[in-house]
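So, here's a batch of structures to check.
Two complexes are shown next, each including chain A; its partner changes from chain B in the first to chain C in the second.
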Partner chain A sequence: MKPWVAAILYAVLSAITFVVCFPLLWAISTSLKPKDEIFRWPPTLWPENITFEAYHELLFGSSVASAPGAGVAPSAYFLTWFGNSIIVSVGSTIISITVATLAAYSLTRFRFWGQRAVPYIAILGYMVPSVIFVFPMFLTMVSLDLTDTLFSLILGYVCITLPFCLWLMWAFFRGVPIEIEEAALVDGASRLQVFRQIVLPVALPGIIAASIFSLIVSWNDYLFGRVFMNTMENLPLTVGVMHFFDGTHVDWALMMASSVLMTLPMAILFGFMQRHLVAGFGAGAVKG
Partner chain B sequence: MKFRLSDRQVGVLFMLPLIIAVAVFLVWPIAEAVRMSFVRYNPLRPDDQPFVGLDNYLFVLEDPLFWESFWQAIVWTGWSTVMQALIGVGLAMLLHQPLKGMNAFRGLLLFPYIVPTVVIALNWRWLFNSEIGIVNHLLMSVGVIDERIAWLSTPTMAMTSAILLNVWKYTPFVVIVVLARLQTIPTELYDAAKVDGAGAFRRFRDITLPQLAEVLAVVIVFRTIWTFNKFEEIYLLTRGGPGTSTYNLALYAFDQSIANLRMGVGAAAGVIMLLLLLVGSMVYIRVSGFGREDKAV
Partner chain C sequence: MTDVVVQGLSKSFGSNQVLKAMDLRVPSRQFVTLLGPSGCGKTTLLRMIAGLEKATAGEIRFGDRRVDTLPPGERNIAMVFQSYALYPTMDVARNIGYGLEVRGTPKAEKQEKVGAVAKVLEILHLLTRKPKQLSGGQRQRVALGRAMVRRPDIFLMDEPLSNLDAKLRATMRGELRRFHLDLGTTTIYVTHDQLEAMTMSDLVVVMNEGVVQQIGTPEEVYGKPANLFVAGFIGTPPMNLIPAQFRDGVLTVAGTPLPIALPPGAPADLVLGVRPQDVTIVEPGSPGSIPGKVWIVELIGSERLIEVELAPKLRVTAEVRATHRAAIDDAVAIRPDPAHLHVFDPATGQAINA
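After this line comes the complex of A and B, so read on.
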């Protein structure tokens, strides 16, 4: 490539990247501004006086005594919500991945009548709007007396994570060579031994990739949490932070600080998975 | 482990959790939603569910808000999908160039896809704030506009902001898929075309586009369906407002179920969405001939 072509490409890419990243950069900038600077016009691009007030309120707010009679500020729940989100994301991911991995192994190594129909039905779940799932699930949770529990949310997220976990794991297992397993079987190992000691280690990259997808999807969901949960202590992060709009005025620094903190775990996971992202989509979401 | 299972038993045993999960978490809720669409269902009186036949469907089809939501859903889906496809292919082409440090660009440009919708909605409300939002400030200082635009409180601008949000978040999906496909196009094709004297545009038109056609067809179907179904992106940004000007069918169904406590009507709206998607996909498959190769095999 000629150097001037490369230079133009770099310039174009940098400009696009800046525009794409701008909303998040602006969130970081806003989260570090003191209250009076936020409402200044024209706005300052980078805070003149950096303050970590908003982060402090979110992370240590529960220890600050609120004014008597004022009730507890929503920001005091931030860490609880954060914990809830971790529990439900990890919980639903464990269920979906376990189910999907076992089934994907069965689908690529065995044949029996009606076996193929199951994953295709699951994948149809991809197409169905969440608003269809959420209310029957919710009413069932009501009749089982499970509403407002983290467990109900874990089960709800299986609805949205299972189809693509299955799709990804299935695609992954199709690419795992079967010869080593056969050799081990000939040597007298049982199927379950083969699965535990040979198949699982080989499938680990696929399991990691699908887990990260699943974690992201359940971490980001709003609808199920909004419908299933009521009590402030039990909300997932996504539903909780929307309560910051409840008051009479909006604290934008607090809002943007929670945006940043909420994106951070996903950004870290994303760093790990970047390689898998392209590979996973190539093999999984769309065939060929 | 002492006892030995036959291969067949292992196979069935490993499938069993999936069969149960699919039945409980996918098939059953859909079946239940279909049942609910034929009864009057007030969640405050769960024991009283009289069968009402097609009443819920008639209610939906006679509701002006349903039709308003329907047309707005088409606008929302159409613009979002077209922009995602065009920008997505363009970006993927750029990111496919053999340049040093390309991985960093790829990472940053794919990043929006994993940002929680709530975060994007919060950021959008702040960016597009009519009083002190940075977007108005930038547009004014560049001279594109003279007065502040009330982004989220005028119908057209609210829809525009929602579509921009959707395009920002989901274009990376198109980029990822197209990029993966670009990497599998044999370079010999391009070398041969260069030898024949084909320019960059002709190489794009005659080699890249046909190679991408199949994957693009799939991506566009998926994006259309998913965008049509989207709830959170609009609900969190505008709550369907101002008025009802950004309602789509998902918001309509949600509103009937939660705000109006008409679970049956909400379910009927959901089922209608599903039928629309089904019919739409079938028409698309007919028109585009997509999937025909599968049948030949």
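After this line comes the complex of A and C, so read on.
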């Protein structure tokens, strides 16, 4: 590549990267600013005086005493919400991946009626906007007496993540040669041993890719949390942090610190799993 | 040691019948090749012997033991797949030892056996590598090692050399044959490559459309083809199959009588088979020759193929020394070797023995 082409390319890529990263950088910057600096005009790109007050309040409780009769400050629930989000994301991901992996395996390895249609019907289900089925699902949860429970959210997230996970795993298993399973059967392994010792290790990149997808979708969901949950103790993070907006003013420092803390687990996960993610989605792209 | 007996074995996939009531006996310690074109049912038969496909009807026995109801792992067989089918996440040592591992063989014993097999196959230095770090030939050896390490009753091999380049294939042919002679394990080998079948086998089973066409030694299937299919399938270049007439006890081709005796009841219209190696090019008018003209000449290394047109759309190929010169449209004659003529009934396709 000629130097001037490379220079232009890098300039364009740097600009795009900056635009993409700016909201996160701005959130980090705002979360570290003292309250008086947040609204200063012209705004400062980087805080003149760095403070971790917002993080301290979220993680260790309010540094400012609540007014008598004002009740518990929303920030006091932050760690509960964080825990809720972890429970529902991890819970729904475990269920989605388990069901998707077993279903996709049977769809690619056993012959039965309707076998070819299932993945396509599933992906069609994924294409329906969740806002269309969130209310029927809410009514179902009401009739099952599950509203305002973390389990209802887990079920809701399974409904939106399972179809794509199934599709991804199906595409992945189609690329796994059946001969290696047959070789293991001839070697004397049982079906379960074949699945556990041969198939699962081979399918690991696909499982990781599907897991990350499921985690991100359920971690970032707002709609289901907003509709299904109502008590402060049971909210997921995405819905909970909206309480930093009390109708008249927004506590931007808390909001931004929450955003940064919310982003952190997914960013760390991405960092560790990036390699598998590319391999997993790559297999899906080629074989699907 | 175990012989393999297949009785009345049929297999259908929906309305497609792949194997048709097949009977076959593979004698103990023999290297038997299932040879046939794509879709003839040879791989299906092998997979049924392995237990990877269920029979629609019939039975399979290993010695006195009926095995067609047993899962593959309980048949004490080993199989080498066309794609090698190595476990991609395991290193070479675990690939070879996996069969011992699932059978609960003690670790020390397993290591010892894997080491011994790896030494024979000269892959000791590869034991810690993953399959993707190996060349095609090395993968082939690992697949063989995996098959050998358990000392199975029967080796099943499904076109194991077809993914190798020509040179390596030639080397591996010799090595496979050598391993078989050393181990003496009953081996069933599937291929569509007649060179592999002819060079490696004790017995060749020629198959077509789910039916055994002929079982015999390589010499027998080459020298005495049982029917038109075997005659046309075995041999490179293929046998010339020419229409011939049998009238008043005399066999004629393109109007020229040939000195071959046939039983009195032979049909009037026949097919005469003669291999290109058994056809000589002679001067027109030579006794016992059939006149024609050169249609095409092809050099294939030390030999030259000369295709001679005897009549419109009736051509015969002769394989001669490369030093033999011939030009297109030259008037020549061919003389088939009377000792190596094959005669077939076109109605049944079966050979008629003189």
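As a convention for this text, the second predicted complex is superposed on the first by the 264 of 288 C-alpha atoms of A that agree within 3 Å, B and C clash if a C-alpha of one lies under 4 Å from a C-alpha of the other, contacts with A are read in each partner's own complex, and residues count from 1 in each chain.
What we mean here is this: a contact is a pair of C-beta atoms (placed from the backbone, for glycine too) under 8 Å apart; a residue touches a chain by one contact, two chains touch by 3 or more.
What you see is a predicted model, and the numbers here were worked out from it, not measured in a lab.
Look at chain A after the overlay: chain B and chain C fit there side by side. After overlaying the two complexes on the shared chain, residue contacts for A:L139 are found with chain B alone; chain C is out of touch. Of the two partners, chain B and chain C, it is B that touches more residues of chain A. Once the two complexes are laid over each other on the shared chain, residue contacts for A:Q193 go to chain B and to chain C alike. In the superposed model, A:L254 lies in contact with neither chain B nor chain C.
Taking every C-alpha atom of chain B against every C-alpha atom of chain C, the smallest gap after superposition is 9 Å.
On chain A, the patch touched by chain B and the patch touched by chain C overlap at residues 190, 193.
The touching residues of chain B, when paired with chain A in their complex, are 1, 4-5, 7-8, 10-12, 14-15, 17-19, 21-22, 25-30, 32-33, 36, 43, 46, 91, 94-95, 97-99, 103, 105-112, 114-120, 122-124, 126-127, 132, 134, 137, 141, 168, 173, 176-177, 179-181, 183-184, 214-215, 218-219, 222, 225, 228-229, 231-232, 235-236, 250, 253-254, 257-258, 263, 266-267, 270-271, 273-274, 277, 281. Interface residues of chain A facing chain B in the complex, by the touch rule stated above, are 1, 6, 9-10, 12-13, 16-17, 20-21, 23-24, 26-27, 30, 38-43, 95, 98-100, 102-103, 105-107, 109-112, 115, 118-119, 121-122, 124-125, 127-133, 135-137, 139-140, 142-143, 155, 158-159, 162-163, 166, 190-193, 216, 219-223, 227, 237-238, 241-242, 252, 255-256, 258-259, 262-263, 266-267, 269-271, 274, 277-279, 281-282, 285-286, 288.
Against chain A, in their complex, chain C makes its touches with residues 50-52, 71-74, 77-79, 81-83, 85-89, 98-99, 102-103, 146, 150.
Interface of chain A with chain C (complex): residues 177, 179-180, 182-190, 193, 198, 201-202, 204.
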